[in-house]
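Below you'll find the structures, each written out as structure tokens.
Next, two complexes with subunit A in common: one pairs it with subunit B, the other with subunit C.
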Partner chain A sequence: MTTEQITSAIREFILGRYPELELRDDEDIFRLGFVNSLFAMELVLFIESHFQLSIPNEELALDGFRTVDAMAALVERTATSGVAAKG
Partner chain B sequence: MSMDGTPMVGIVGSGVMGVGTAQSLVQSGHDVVMVDLNQEILDRAAAELARNMRLSRLLAKPGQEQAVPTAGKVSYAVEYDALAPVDFVIENITEKWELKKDLYPVLDEVCRAEVCFAANTSCTSITRLGSLTARPAQVIGMHFMNPVPLKPAVEVIMGHHTSADTLDTAKDLLASMGKEAIVVNDSPGFVSNRVLMPTINEAIYLVQEQVASPAEIDRLFERCFGHAMGPLQTADLIGVDTILHSLEVLYEDFNDSKYRPCPLLRRMVDAGLHGRKTGQGFFTYQT
Partner chain C sequence: MTDTPATSPFTRERFRAFADTEIAPHAAEFDREQRIPTELVKRLAAEGFLGAVLPTEAGGPGMDMVTFGVLHEEVGRACSSVRSLLTVHSMVAFAVNRWGTAEQRAAWLPGLADGTALGAFCLTEPGAGSDAGRIAATAERTGGGFVINGTKKWITAGQTADVYLVFAKAPNGMSAFLVDRATPGLRVKPLHDIMGTRGSMLAELEFRDCEVGSRALLGPEGMGLSLVGTGALDIGRYSVACGSVGISQACVEACAAHTARRVAGSAPLREHQLIRRMLSDMVTGLEAGRLLCRRAGALKDEGDPATVMATWTAKYFASTAAVSAASDAVQIHGASGFGAGAAVGRYYRDAKVMEIIEGSSQIQQLTIAEQAFQAAAGPRPSRSAAEEKVR
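Now for the complex of A and B:
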């Protein structure tokens, strides 16, 4: 999956909940004031189920979920380490 | 009681509120005994608890993440006898009188005489629950709000016979969980639901009458009043079915038409649109 596909899936999920949001991929969604901590948890669950991966506990910090770019990086990091672990 | 004097707490009912309360207790160092009807329900609760504990790392302050999952422990049981060693009971079963009516006499029998019972309820009369036991002075209400670990305060309800000692015990337990007790007297819906439920009901009427969409209604409350969450997202979080049930209880208790549930609310419940827990309510959710 390309980075663009990952970012667009994440963006789509966020906009599905907040359709009125004009969101740049490098914009802090928490700072925009729309997103609460419960939605952060939903983001974790969405990323894990959509990309079929398990985010390592040490990556479970709000900073990794602040922007679409940060989440995409997290997905790529986790997916890569998953492959490495299997190999 | 654990070695360091931290009360061991019995949780009866392992739904969303039971699991949330257990998480809050474990994270504040309490041992918990969780009782529910069968193993399948308990397994689900254990999985939910583990998942929520893991996700709570998201909100933990840097450096404190590791302390969380090991701070306490939970044991699970289908027999009420398992509550014999606990120092305090928090009851979180479904808000149905027929179920509560049968439970409290059992608690009275299995728990030591000095143990207090807190009903985690948003609408059931604490005085009436107290009348089911031989210890009405030791029955109190603790209306926790969802998600329990994130809420800094609890609506604590004094029944007609609830004693000052019981209130102190309840306050101490809540303080140990990092929560403030806001004490009110027993009355249908207490304070929070008496105000919140008609508010949500009216918001649903606005949706039904197409005055505004759920997103617009909620945005007014969030952006203009500074509420963390609008009334319809709140309804989804509490459970659309629970909102209907609470309104029905208020309607019945006060015989006042101002609590009449909106027809759209009833239709959503019938359609299974119960909010976050079913993935769809006024908004759509990831389950």
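Now for the complex of A and C:
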């Protein structure tokens, strides 16, 4: 999966839940103010189920979820690390 | 429609048989004595029910979430206090398994799986419940870890738990900690004479300069609520939703039996049309709640993020339906339902708290409505997508 495909999937998920949002891939979603704890959990679930991986604890910092780009980078790091892939 | 996998050793029939023999006959006593006997906890553990949320590699039975929901429904049908013990224990076990380090998992999961260590979830405070952002407990950094100060209240199983999942404000934000009961500075005060789920052994916990090592921190510092708390509460909310369905089921069964026996005028109560109306509403709420729970559970099993809101909806509906069913059940039983020791009276008292815990009905109304507004807004291309189109 290319970076663009990953980015696109994450963006689509966010906009699927918040259709009115205008969001750049480098925009801080926490600063935009729409992210609550429920949506943070949905994001983690989405990333893990859609990309078939388990995000390791050390990757669970807020910064990894701050922007679409950051989440895409997290997906790529986790996928390539090999240790976190779901069986 | 079957609700547990055909090949699973865990079936509704098995749960129901256990609940009918080991729990239901003693539920009134648990309510009266305000405690659940250690022997029953051991039997729940031996059946694999206590660590039901844990996968086999963590020492659990590897139960899928739909089956987990059926278990909590059947236990909840028999006794909400026992179900509440399963709820909070499952929340802690889930959180340790999901967010714990290898060391934390090794330290706590075997005990949480086999019942030698009971867990309790400590979020609520005298001044903070649904608005968890108002939590006042603090966790200040020391050289080797954190010092926790604050008070937690209405902590289910707090009287007997061995490990507490505690939420407190750390320097980098709200964080979650696994606190051993034996930690100096932690004082457990039993709370008695609550209205419902009286056997759930509530406690107030006082943390006074309670020092824990950095290894007590569960999940990243600052993400205690957004990840650990929210994830555990999702499991708790699901359990409460399923337990509410169990209460509705118990009400239907009690009323079907009572209305066949009790004669009013020249006919059994069940021949009266107004009684039938109450029963039909009760059954409809029960079945609809069960379907919502099943959907939430199936989405959990698929890892679908839609489970989060599906669980909110299930809990909101099922808890409201349980209160309505229990209220009508008392009404149908008349004075005998209002008397001391009446099962339907207990269902009524137990049902009410389901509208309060794991997110009050009002918080759920706000959240569900907000999602409806978002969904109704319709899709709009993101700036990035629009920019791509131009390129």
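Points worth noting:
Definition applied: the second predicted complex is superposed on the first by the 82 of 87 C-alpha atoms of A that agree within 3 Å, B and C clash if a C-alpha of one lies under 4 Å from a C-alpha of the other, contacts with A are read in each partner's own complex, and residues count from 1 in each chain.
Note that in this section a contact is a pair of C-beta atoms (placed from the backbone, for glycine too) under 8 Å apart; a residue touches a chain by one contact, two chains touch by 3 or more.
Not measured: the values here are computed from a predicted model.
Contacts of A:Pro19 after superposition on the shared chain: both subunit B and subunit C are touched. After overlaying the two complexes on the shared chain, residue contacts for A:Ser49 are found with subunit B and with subunit C alike. Once chain A of one complex is fitted onto chain A of the other, the partner contacts of A:Ser37 extend to both subunit B and subunit C. Put subunit B and subunit C next to each other and count what each touches on subunit A; the higher total goes to C.
Applying the stated touch rule to the two superposed structures, the overlap between the subunit B and subunit C interfaces on subunit A comprises residues 13, 16-17, 19-20, 37-38, 40-42, 44-46, 49, 57, 60-62. Those residues of subunit A whose C-beta lies close enough to touch subunit C in the complex are 7, 11, 13, 15-25, 37-38, 40-46, 48-49, 57, 60-62, 68.
Per the touch definition, subunit B reaches subunit A in the complex via residues 54-55, 57-59, 62, 65, 147, 150, 215, 219, 222, 228-229, 237, 283-287. Against subunit B, the residues of subunit A that register as touching in their complex are 13, 16-17, 19-20, 34, 36-38, 40-42, 44-46, 49, 57, 60-62, 65.
Residues of subunit C that touch subunit A in their complex: 99, 101, 219-220, 222-223, 225-227, 229-231, 234, 302-309, 312, 367, 371, 374-375, 377-380, 382-385.
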